[in-house]
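For reference, the structure I am asking about is given below.
Chains here go by letter, A, B, C, D, E and F, matching the order in which they are written, and residues are numbered from 1 within each.
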Amino acid sequence: MSEPAPSSPPTLTDAERAELRRQGILLTSMEELYNWGRSHSVWPLQFGLACCAIEMIAASMARFDIARFGSEVFRPSPRQADLLIVSGTVTKKMTPQVVRLWNQMPEPKYCIAMGACAISGGPFKQGYNVLKGIDRFIPVDIYIPGCPPRPEALLHGLMQLQEKIRGQKISGPGAPRHLQADTTCEYPVPDFGEHDLVPPQNPAVWQPPVIVRKEGA
Amino acid sequence: MNAVLILIALVTVGTAIAAMAGRNLLHSVLLLALAWTGVAAFYLWAGAEFAAFAQVLVYVGAISMVVLFAVLLTRRSRDEAAPGPAGQSRALSAVMAAAAVAGVLVGAILRSPLAASPGPAPAVTVRQLGAELMGPYAAALLAVGVLLTVALIGAVVLAAGDRTGQPEDNP
Amino acid sequence: MSAAATTSESFLERAPLLLRDAVTGFLPEPARWLANSLLSIVAVLAVFGLLFAFLTLAERKILGRVQNRPGPNRTGWFGLLQPFADGIKMLTKEDIVPRAADQLLHFLAPVTLLALSILTFAVIPYGRHLVPVELDSAVLYFFAAGAATELAIFMAGWASHNKYALLAAMRALAQLISYELPLLLSFVPVVLATGTLSTTGIVAAQGGWKWHLIPHWIVFTPWGAAGFAIFMVSALAESNRSPFDLPEAESELIAGHLTEYSGFKYALFFMAEYFGMCALSGMAVTLFLGGWQAPLPVLEFIPSYVWFAGKLLTLLLGFIWIRATLPRLRIDQLTRLAWKFLVPLALVNLGTAAFWSLTSAWSGPLQLLRWAVALVLVAGPFLLLGRGLTAGLGPRTYRYA
Amino acid sequence: MSFSDPSPLSAAPGASVRAVHDEFHGDLLEVSMGPHHPSTHGVFRMMVTLDGETVVKLKPVFGYLHRNHEKIGENTSYLGSMPYTDRLDYLCSMTNNWAYALAVEKLAGQAVPERAEYLRVILAELTRLLNHTCLAGFLLQDCGASGTPLMYAFREREKILDLFESLSGSRMMCNYQRFGGCRVDAPAGWLDAARALTDGYGSFLDEYEALLTGNEILMARTQGIGCLSAKLAVSAGVTGPLLRAAGVAYDLRKVDGYGFYPRFDFRVPLGAHGDTYDRYMVRVLEMRESIRILQQALRDIPAGPIMDPKAKLRGFRPKPGEVYSRIEGPKGEIGFHLISEGGPNPYRYRVRPPSLINLTILEDLCLGHSIADAVVILGSIDIVLGEVDR
Amino acid sequence: MLGSGLLQGLAVTAKNFVGSFHDPKRFVTTQYPEEKTRLPEAYRNFPFLVSENAEDPMGTLRCVACQICEKECPPQCIYIEKSKDKKPDASGKQQIYPAVFDIDTAVCMSCQICVEVCPFDAIKMDQVFELAATDRFTGLMLDRHALAKPNSYFHQLHPTEAAEVDDRLATERKAAEEKARAAAAAKAAAAAKPPAVPPPPPAVVPLPPPVPPAA
Amino acid sequence: METPDQIRDRLLSRFPGAAVSLISNPGPAAQHSLLLDAADARAIATFLRDDPGLQLDFCSNVTGVDWPDREIVETTRTSTPDPAGGPAKVVEQKTKRLQPGCLEVVYHLYSVALLHGPVVLRLRTGNRSDQVSLPSLTPVWRACEFQEREVFDLFGVVFEGHPDLRRILMWDGFKDHPMRKDYVEPDDYEWEPTPHGDVLAKAKRHYPTPAPAVVKEEPKP
């Protein structure tokens, strides 16, 4: 369910390379075509949460024009969307809805956490009703810091996402989530508890890493 | 060409039966629309282009919509038993109605002069059709028109009677 | 495709037929007929399939330009490959069917819709010799096939088992019932004037020029112009385009009947919408704009299908332009517009057309009288009914504290 | 093929088959619009009960963007709360800044230099232009126009944002004003740029009005829809353009005369019907008045310091006391209620959110109208969820 | 007349459509990756640490780890650990330096309060916004190596402000030097008297350890 | 406009049995407020709204304030005159006294008709238990509807006579009243890269020993 660990080496093993060679050029060109199509047609969900949503709207407006990337088709229904831009503070009251929306999107789907609040709770992380990062419940592909990020930063994030899509393999262990047969696109939706969400995070998606700081120059 | 005719007939009758037997009201309506299309196909097979397209336009295009509307706007839940005579008497009335319709149809068929061998169908132009309707059959046309108008008014009365006490301001 | 071309026509005019004969000419007669039909089907699908692809792109680019931005321009040269990227993505997207949905109807709805909208292409004369099927009552066939499409939209809305989709289904029904009538009534005068229901006949009747200058297109008569306007407004409504896109009213009903459709099924709906738009525009061209006829005698050297395509694209541009500008009507206003404005107008227009054909023998100063009476008959009801429609509405003046 | 929740957008998934069948044949259809819905302007939710398409009951549900602004404000220093006020009504950070700065200045009894007061008026009026322009765009979007009016509105918004950015460093979250003045002075050429923008804004409004104001569809969609009576408006605490569209002459710029507003010549447009069209038009006319104020302010602005030299940023501890201070924000009366106990943080930090209180009358306005109208009425109330839920 | 308003609207959109091909006022798009918006001088995104010298950023940070910004930062996105030893700063004065200085850009709200409260002009606002990352923890947590930017960079971003800061620092330094000189003179005067205590041994200046050049 | 003193006097004369006291505001704003008794608050509010001299028809702001129990140290000086006729002996005595806390609801009233204000009303509950109630002023001013709901949600004051008293910002199953000063936030802390103060303490609680994973590599060139 979780993304492949970032530490796994992106290089191919010899066996994989041989396998690829056997499958030949057809697969790679298929792969390229598939990835090309996906990466140039990323339709976001028309979904705004807070301040960042205004910058997201601004990114789709004339000055920045996200349409140039083929992504101006903001679909209001999650069924037709490819990209969930979590733009703004996710409150605990809103979290189940966001996870549900994510579940309702068909694979392949991507998630951009736009702005400090969506990544970590941002300036509001001290709040009792604020989720400290949407990646506690759904896998995030791209994080765009900023409060709010400029529309150009969103475009930059979108280009990063396109890069990421273009780099995906359609077979083998590095294949994206939606091409792995044993993974599900259903993520558990948290419940409202008496004091907090139950559970407060999805351990299958999110494990808190620990930073150990080394002193010295 | 007989194979085509049999196919059309099977589809028409089959969908009609399915529409009657179906439990899902919406499915029945859609099947009914399909049956009407079958009838249109039959007209087409018989060379009556105009009648066929008019059938589709009027029945599939418009009447089925009205039926759908009627189904959706009917207030009564379909689970409630329809008011009226139950059991045997219902069956009796159904048989009687069916017999009456069949009688009229058979009578009409018997009385119409059928050619012994179905030669090539006469090319009926729209102009001729219009002339016939406005000439010899004008009275029948008027009667049908009046009948439909009355039915429409009746439908309006029925629909409006359902919402007693509620002013109907929305068009 | 029928009607053998005479060799007196230009090569370009005959090119499609020659091409067809080159492909199927070696076949024996019955097989040839079949092959010719298949070929026309393939040709129509290919042409309109491509038109659909580029129309979506054109719409996005034109909307962009209207809104002061370039639109898609990074996928391929000038963004020309954008529709194909979208197509690949749509094809490979997961198909979700809601658990509670009516599985069969949920699947059938887009298929039916697309099939019906493709059927309408059969009778449009795309050029002098390019009409896939010639029927005596072709116009009737066209509207019969078109009338069933909203049934498919209803199926989609109802089968999705979603409240928004259901509301959209109801709206689609109301819209169809309201606009079918003005749509049909608006072309009756054309049939009255030309005396035929065949599309080729109607186009043929619009051939020729008055004083070698004004073509005999129906739109150049007062009742023709009015009929054309009514037809186009109704066509906007029939194809669910803005400002009549109520079933897919994004601001109220999410995506209306499409709310629960994903992936390829959604693409089919999308395609059907554009096909419907193309077909209705094509019919408008046929009925009112002289079909494939050239506007001026000197321009006849340009092949007929080019003229048809040009007129078709102009109308489609109009569709897009209107979409870029206008807000949406409300459902009751929509039905009111149909019943209280378009239907009476279309009926009066029928009378006007009758008057016009009865007075076709008038000449000289009587000709002026004929024009005057017809214009009054067209404009008078328009103004009167329009005033009734906008009663109580209007600009206001404001006071200041 | 996979299967998913039966009803994706209603809040309670799994509405059973049975229930919907009842709704088919029964009387009322309950629709949950939001929190994810294209026209709820964020994560707002309306529980709507429909008879056909007519709204018979409408209950707003809040809290989907409740980010604990007041609690954070009580745990943060006076200065530290300033950037948070940007995020209240994130379209109008400058007026929020001003409202908060004014409240703290009243709490601590601070004075503001003249140039800063002028700058504040200029920024507040620019914010008003920005807000009303965006609102008009969003309102038309709710009416179903496919983006074009919104695009034109945002085209102009970008011009104002450029001004804000070159002044304060950020497009939206300006964090510009301080207790006792403003953070930095306007850079060279800024005032000229502001003048150019102000002078060109009228022609934009003309074009915008040509696009929309005479549009029959817009008039049909908005005139006579959602009429708000003056009595209800006052009782429900409705403020801002909504109140004035209902015909009540209550503009805090005139009533309280805060800042330097008494120095400027401007009028307060009033509506007569209180319907959606009036709410829209009153805003358009207010924009024209804002342009007049801006022209006067940009003409008269003096040179001088922009910060009270006695002002203290770090370790700012006002004496114990309490204040409620309000200004006329673009959406209505935005107020701050501060209680100081003498500490570095306010003891009580309360925001009076105009958007939330203006929503009190939402149900009254929508009853009897269709669901499409409800969306437009909500649009004409002009809410920003950051402020509604805080 | 019915329709006149609609036609007026259509005229406006047509004007914009045609205008978008020749009128830059009606074609406002900045095509981002190729064209870039010229950011105003005041633009701010995330903070960076000013170092005097590009060659040795760690050795010449202005920051003395006073932790004022850490305390004042409203969202608390700064983490500082003071060094346990002292190192000479750019002017050779012994200073405490930040052993750890982390800014979590995933939290930072770009409010600039750290800049306002910093008494040493050590932290300033950067203008880089293309920071999208695929990993939140390694990509968005900036440590002092990533944060340190030379003064010349600061000049490039905010020329006016940087010039002011340099002036101010120069005057302060001068004042400090004069003060030190005066103090030294006073000390010397005091030292002229017999010393009561033995003079302290000369301070040993530890050399800064070699640091790889900052990216 | 009448001063708060005058209003209080008028109220006292109009409602002889009512307890209306003036709470002065020491700050420069000097917005003094009237403390009303819960029993006759609604009658007084209606009077304030309808009185032709006041016409406070616009309730701008409603908010709650939490005053927890606090220990007050009072210093009393008693000077006993020295019987010997010398300087009086001053004895300072410190007494600790527990001031019981309360929840307070503050209303800021203005008049749209007469363009004056604000008049500040305060209502206080007797204690800070979970079910403390005050009369709702929503029947007097509609503007209180959502704001009183908010006070109910965040402070836990039950407003009697409120037409629709439900939680407004938090979800319905939520149990706490987060704006109270003694509210304890849920311990959903997991990991935060830049911890401070109590967050750091929480971090220590969650990770008593540093976890093995090292993500951050330093130095990063």
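By definition in this document, contacts are C-beta pairs under 8 Å (C-beta built on N, C-alpha and C of every residue); 3 or more make two chains touch, one makes a residue touch a chain.
In this text, all values refer to a predicted model and were calculated from it rather than measured experimentally.
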item	value
Contact distance in steps, from chain A to chain C	1
Chain-contact steps, minimal, separating chain B from chain A	2
Per-chain Cα centre nearest the global Cα centre, belonging to chain	D
Result of counting contacting C-beta pairs for D-E and A-F, higher pair	D-E
Remotest chain, chain E as reference, centres from CA atoms	B
Where chain A and chain D are represented by their mean Cα positions, the distance between them in whole Å	31
Mean-CA-position distance for chain D and chain B (Å)	58
Distance between the centres, which are taken as Cα means, of chain F and chain C, whole angstrom	66
Separation of mean Cα positions, chain C and chain B [Å, integer]	29
In chain E, residues with contacts to at least two other chains	2-3, 6, 9, 12-13, 16, 28-29, 31, 74, 76, 102, 104, 106-107, 109-110, 137-138, 141, 211
Multi-chain contact residues (two or more partners), chain B	72, 170
Per-residue multi-chain contacts in chain F, two or more chains	169-171, 178, 193, 215-216, 218-219
Residues of chain E that touch chain C when the two form their complex	1-3, 6, 9-10, 12-14, 16-17, 19-21, 26-29, 31
Parts of chain B lying in touch with chain C, wherever the complex brings them together	26-27, 30, 33, 40, 49-50, 53-57, 60-62, 64-66, 68-69, 72, 125-127, 170-171
List of chain D residues in touch with chain C within their complex	1-10, 17, 20, 23-24, 29, 31, 37-39, 50, 53, 140-148, 151-152, 155, 211, 213-221, 223-224, 244, 249, 251, 254, 267-273, 277-278, 281-282, 285, 370-373, 375
Partner chain E, residues of chain C touching it in the complex	62, 65-70, 321-322, 324-326, 382-383, 386-387, 389-390
Residues of chain A that touch chain D when the two form their complex	46-51, 53-55, 57-58, 61-63, 76-79, 88-89, 91, 93-94, 97, 100-101, 103-104, 117, 123-124, 126-130, 147-148, 150, 185-186
